[in-house]
Amino acid sequence: MSIDRINDLREKLKEFVAERDWDQFHSPKNLAMGLNIESAELMEIFLWMPDEESYHLNGAKLDNFKEELGDIYIYLIHLAEKYGLDLIDCAEQKLMQNAAKYPAEKVKGSSKKYNEYSQE
Amino acid sequence: MSIDRINDLREKLKEFVAERDWDQFHSPKNLAMGLNIESAELMEIFLWMPDEESYHLNGAKLDNFKEELGDIYIYLIHLAEKYGLDLIDCAEQKLMQNAAKYPAEKVKGSSKKYNEYSQE
Amino acid sequence: MSIDRINDLREKLKEFVAERDWDQFHSPKNLAMGLNIESAELMEIFLWMPDEESYHLNGAKLDNFKEELGDIYIYLIHLAEKYGLDLIDCAEQKLMQNAAKYPAEKVKGSSKKYNEYSQE
Amino acid sequence: MSIDRINDLREKLKEFVAERDWDQFHSPKNLAMGLNIESAELMEIFLWMPDEESYHLNGAKLDNFKEELGDIYIYLIHLAEKYGLDLIDCAEQKLMQNAAKYPAEKVKGSSKKYNEYSQE
């Protein structure tokens, strides 16, 4: 995954939107709605499924999973672009915050702690 | 954004999870739920906000936006990892499907067409 | 809307589930996922739509809206049932909390205030 | 749960909104966003929780569950009101559609069938 591949993808996305003159619909508010809808479609793949089964998708379900993953990543890139943000920077900063919030020695392996913490 | 930065991030994420022994909670089903919850938190920033205002976040709201973007990207990386998928591949494939589904000459600039098409 | 109609509906829902032996899949966790998926489907009706247009659905979109509304209400009844809760009680209690949290004289007509408050 | 209690609740909700002059923010599009956000907050209670545990909430989590249930029901009533719809009617119609779509003798007790059907 190189800098060229990501820049390539971002350029293709811009072109796709420009060719269709769809930028007018792409307010951050609307993009956030689209992101939620695609996230729900991804989650629907796992609805009613026992937890363990969710580790083993295949065939049509795996294809569907890839498509939803792609859709969500596309929305994420559009949203970051609107504010000139770098997704990796955002993730790294959040990771550092999480590391401070959930010290390994305090939360290690405990589902109960994990629950409590993640509710905050 | 180079291959090194992405690989770096993925490694750090694996380490973060391993140090806390949290992989046991990270079934794809649970991760998909987490993704939806973070997406809703991002959307909440724009709730009740006029469309135009959503282009101009700042201060605490912009900081919050970055955090949610980071969280969502982290979940996305975790989910892709579970199936050994490459997010850029997924996005590129989806983009090609979208290009075939929404030919520029048919849907250009039309909100009505855009609406109809996106409902499918 | 009488007590008989609501009790009727609840009885029909129980019967529907029992006839299919689906109660085994209806954990509160799974029902909460289903609720989110249906809520996203309802929201999809309004995606890319200007705010004002959302007041005027008709034809297939209005039919779709009714179906999603029905689905969400069904999930809500199932969820309340799991804990023997009365939906009207829950709503009345929440309304009282909201009244205390957002005193009319402080928040009246102010989108800014409304925004800030609803973020809390 | 009588006709009087529901009418009472609907009247109180109207009054609450009117006193704050918030109707201007309550477009169906915005209400649908709010509904999704509250649904995600309800789902968050169950995040990382084993399925079986979700049957047994208590203390602060049960209180939180009630509040989210109340919030979602309030949004649902607001949305129905915007189009003069009766929630019970919507649910009954959807239930009849579901009964036709999932004949008991075909789908009974089968998680696999249930999965397949619910994806449609």
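Letters A, B, C and D name the chains as they come in the text, with residue numbers starting at 1 for each one.
What we mean here is this: a residue touches a chain if its C-beta (ideal position, glycine included) is under 8 Å from a C-beta of that chain, and two chains touch if they have at least 3 such contacts.
Treat the numbers as computed from the prediction; the structure is a model and nothing was measured.
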>> I want to compare two interfaces, A-D and C-D. Which one has more contacting C-beta pairs?
In response: C-D
> At what distance in angstrom does the C-alpha mean of chain D lie from that of chain A?
Replying inline: 25
> Per the centroid of Cα atoms for each chain, what is the distance between chain C and chain D, given in Å?
Replying inline: 3
> Counting only residues that touch at least 2 other chains, which ones in chain B make the list?
Replying inline: 25, 30, 33, 36, 39-40, 43-49, 51, 111, 114
> Taking chains as nodes and touches as edges, what kind of graph is this: line, ring, star, complete or other?
Replying inline: complete
> Considering the complex alone, what residue numbers of chain D touch chain A?
Replying inline: 33, 36, 44-45, 47-51, 111, 114-115, 118-119
> How about chain D: which of its residues touch chain C in the complex?
Replying inline: 1-3, 5-7, 9, 12-13, 16, 19-22, 24-25, 27-30, 32-33, 35-36, 39-40, 42-43, 45-46, 49, 51-52, 54-55, 57, 62, 65-67, 69-74, 76-77, 79-80, 82-83, 85-88, 90-95, 97-99, 102, 104, 107-109, 111, 114
> Mind pulling up the chain D residues that touch chain B in the complex?
Replying inline: 25, 30, 33-34, 36-37, 39-41, 43-44, 46-48
